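In the two complexes below, chain A is the common chain; its partner is chain B in one and chain C in the other.
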Partner chain A sequence: MSPELEKCPRSLLVCEKSNFMNEKSRHDIHVSKHSFNYKISVLIPECAVLPANISGVISNFSPYYLVRDLPVYELLQDKSHETVVQKGTVYAVSYNTKIDEDNSIALLPSGQLVLSLNKDAYEQLGLEGRPSLYNHRKAMRYVVTLNLRDKTLAPGTKRYQRVLSGLKDRLPLRYDFLFTEHNTDEDKTLYKLLSQYKPVEHKAVLSHHTLKNLPCPTLYPSDLQGTTLSCDPHSFLEWLGAVNLDISCENAADSFLSTYICPEPKSSVSQALLCTITGFISPEDVYLLLQELRKYFDEPKFTQWLSLTVHGFMDSPVSWGATEHGFLKGGENFYNLVCFKNQDYWLHMATGAHDGCPP
Partner chain B sequence: MEEPTTFERHVYKNASVYHYMKISLDLENGKRSFSNAQFKQLIISALKELYGEVGAAFPFDLLKFDPSSLTAILRVYNKGLVKLWSALTLLGSYQNEACAFRVIQVSPFLLALSGNSRELQFGESSTS
Partner chain C sequence: MSVFLDLNIISSHDKNKLRSIIETAAHLGYSTVAINYVVEPQKKKSEIPKPQSVSDIFEKFPVVQGKSTPIKVLNRLTIVASDASHFRPTNEYKLFDLVAVYPKTEKLFHAACMTFDVDIICIAVAEKQPFHFKRAPVNGAIDRGVFFDISYTAAIRDSSMRRYTIANATCLMEVCKGKNIIISSGAEKSLEMRGPYDIANLGLVFGLSEGDAKAAVSTNCRSVLMHGETRATASGVVYTMKKPHTLEEQIEDKPASKKAKTETA
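Up next, the complex of A and B:
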């Protein structure tokens, strides 16, 4: 058989181990740089009921807004510029745009407006950009990054006028957008800004249920690679996927249907809480949730660890920071934190083929 | 007293042994009842049709099957991904009825199949 048939797309998994109390720990940076979060999944073994402090944090997550058919140039207009760019707390991503087919746009709180455009759109727009890092033989996709905080792009400058006229006249892009902002004050500036575009407010949807009699891998904080005491990272993430998707982990080795089993070493837990939050969630909210989850071990608990998984948007033009993200056979960019009783943690960051290496 | 943990960082490239596929079956004349064994047998017959007995002789797991929506999650070794995917794509009929497999998501990480942002839908009404 041709060896070409046995090839498959590249994937990357970065695994880090450290302790939350360690001052050099970069868990806060990794969480804050992953700007566009679609779904959070929390698994707490030996737990039946969602703790009140955790459900409290989740119910206080900032709302997000869906704005239909927003012209992209509106993100640059004076009023937006002041709120969005100067304040530096707004996240926006185009909704229902597939990055492997259409154009996809994102706004980062750093003031960077990232436009991932197909060849025709890029040529029509006429702005300076660079070919995508993930083009195959011919350049079919380009990325234009505009730093709205740059002085040369301040309202009134020549370059600003050029960009504005490009987005207004040459290539009038209009998309549905999702906006969110981590708001500590009750100001609701984002909502006020968007009010003229008829935004629809949404809250992240929480759902949770208790799993019974679950085979569960035993994890030791010191053995990240799974050489002696724990299972290897891929097997652990596979098991987490199986739990999230309600896949049976107890199959016979000679079963016709499935031979999947929980990785060794394992034990059986009588109950476990699986909680998912879906929407457009800011990294700040994720961090607050992480802080509360760490506090779970302030009181004695049966379990040695709990897990937090955060999935990114498949069609976002960036994954961590401003690293370009694309969609080949999949657009996965997620990370998983295993928090241990002693405040050690494991951080797994996974990306697919059209992605840079996670930080 | 436990020793403070040392920092470690490892980068794994293409280290996942399996790929996972989320698929669904569309039948021309609407839904039919399938058992999970029948569903798996259908996929095996698609493989044999395209690659023959020897070519189709690699294992894959039907991790999950939902008979009401005819969606399933498969696990296959990386070497078999292209063959499995192509066989699913090219299957055109089941018991003389036109059908098509839709590949909803493919990933080297099973966990990624539980977080597909393309599923994020909004109704026409206002605040949820």
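Up next, the complex of A and C:
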């Protein structure tokens, strides 16, 4: 067999450790930059019941809206321009579009509208863009980034007219969109804006169950790389994935051989809580959840650590900030925070093949 | 990358079977499929079949999984040629969106690569390749924009055919270096279809690189479709469309039919 077959598509893992109390800690920046999150999973060893403060925060997550068949130029119209661009809190991503097959559109709160278009759409639209970083022999995908806050794109300018006419006449794109906005004030500006398109409101879905007799790795905050005391990050993340998917890590000699094992050093915990939240979750909500999870250690607990994993959309055009995201065999872009008793944390950021390096 | 296409679904007279195959294809994520009418001129009593209208199969096409657009269905003709006289581009060929040839001898393979007006050249998968691939015709085909098709259901059906498929495919890869390859199913039943990412992985077994394997199911298939469309045009720039005649015009036209034939629009 050729040696090519032994190679897998490359994946990147960036690991960082610091302390939440450290003023130079960049955990808040990393969380806020990862705009499009669809799933959060929390694993708390030695815990049977979801603490009330955490379930309270989760139930207060902002709702997200699904709008069917929205023309893209509506995101630029004068009415939306004020709300969307000036306020700077709206996240939008196209739904039911595959990043490696069709056109995919995302709106970041910084006012950037990212259009990831295939060749035909790009040539028809006629806006300036650059070829995707993940093209193979021929350029089949192009990325057009419009900074809606730029003075040259203010409503009334020539460039604005050109963009608007392109999206209205030359290539009328219509897609289903997911919108979310983190607003602490009660006025539902986003809902009012979308009301003419009949948005359907959804809330993030929470599901949790308690795992019994789970072998858990023992982690020491000082040893991130897993050289002396803990296990290395790859084995830890692999074990965490297995736990999330309910794959047994016993490595028993059953008829079906699963070679996933819990990395050494390990200890068996009698119970662990695994809770999963799915929906279009804004980074601000993730940050609030993180604050509550940090408070978990205010009272003495058996466990030394708990973990929070946030998964990004597989089909979003961007991963962290405006870094382009692609899909080769998998479009994973997630980050995992391990919070320790002493407010130390480990941050693992992972991406797949067609993705830029996480910050 | 472009959408995923499967350009080889063997046609059958049983509409239900065809429906179930197309539904499976939509479920697996293929955005476009092509129904393949295989013709063997060597056998007696084989004429080019007329492709059944696509709207006959479904009133409403199934939606592709994960998207909101319905699946597209096209028609393809494959001529199994063991003699040069078997391939004669007639008007009947124009009814099909794609034309493919399956050359059985080395001379025909060379002719197909260099001169025949086809979009796809099929590679033997169910038997040992009777001739070796030479670089000259293969490069000639690549320059002309003709693609080589490897079908994978033979590999699913039988283990000895699996060996032939992989052997023939790896021979071809050595010569063409992974360019201009498409991998298609050749499915007669819906269970014989596999998902596009699985087929991209199968491409790795054939010797393609990661990007080439994924392109073999997406970008290259799209190029084949473009090639098929331009076959009916003049250099890919000008094309003609028949203007529908009303009944009165037809009666008037009869005496003058010697002067003007079809109108171009």
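As a working rule, the second predicted complex is superposed on the first by the 354 of 359 C-alpha atoms of A that agree within 3 Å, B and C clash if a C-alpha of one lies under 4 Å from a C-alpha of the other, contacts with A are read in each partner's own complex, and residues count from 1 in each chain.
The criterion applied here is as follows: contacts are C-beta pairs under 8 Å (C-beta built on N, C-alpha and C of every residue); 3 or more make two chains touch, one makes a residue touch a chain.
Since we're looking at a predicted model, the values are computed, not measured.
When both complexes are overlaid on chain A, the residue A:N118 reaches chain C alone and has no touch with chain B.
When the two structures are aligned on the shared chain, A:S282 is found in touch with neither chain B nor chain C. Once the two complexes are overlaid on the shared chain, A:K98 sits against chain B and chain C alike. Once the two complexes are laid over each other on the shared chain, residue contacts for A:K329 go to chain B and to chain C alike. By the touch criterion stated above, A:M140 is placed in contact with chain C alone, chain B being left untouched. Residue contacts after overlaying the shared chain place A:S230 against neither chain B nor chain C. In the superposition on chain A, A:S35 makes contact with neither chain B nor chain C. For chain A, the partner that touches more of its residues is B, with chain B and chain C as the two candidates.
Chain A residues in contact with chain B (one complex) as well as with chain C (other complex) are 4-5, 9, 98, 329. Interface residues of chain A facing chain B in the complex, by the touch rule stated above, are 1, 4-19, 22, 24, 38-39, 41, 66, 95, 98, 200-203, 205, 221-222, 224-225, 233-234, 237-238, 240-242, 244-248, 256-260, 278-279, 309, 311-315, 329-332, 334, 336, 342, 344, 350, 352, 357.
For chain A in complex with chain C, the touching residues are 2, 4-5, 9, 96-98, 100-102, 118-119, 136-138, 140-141, 176, 328-329, 353. Across the interface of their complex, chain A is touched by residues 2, 4-20, 36-37, 40, 55, 59, 61-65, 73, 75, 78-79, 81-83, 105-118, 120, 122, 126-128 of chain B. Listing the residues of chain C that touch chain A in their complex gives 1-4, 31, 66-68, 179, 197, 200-201, 204-205, 207, 209-212, 214-215, 218-219.
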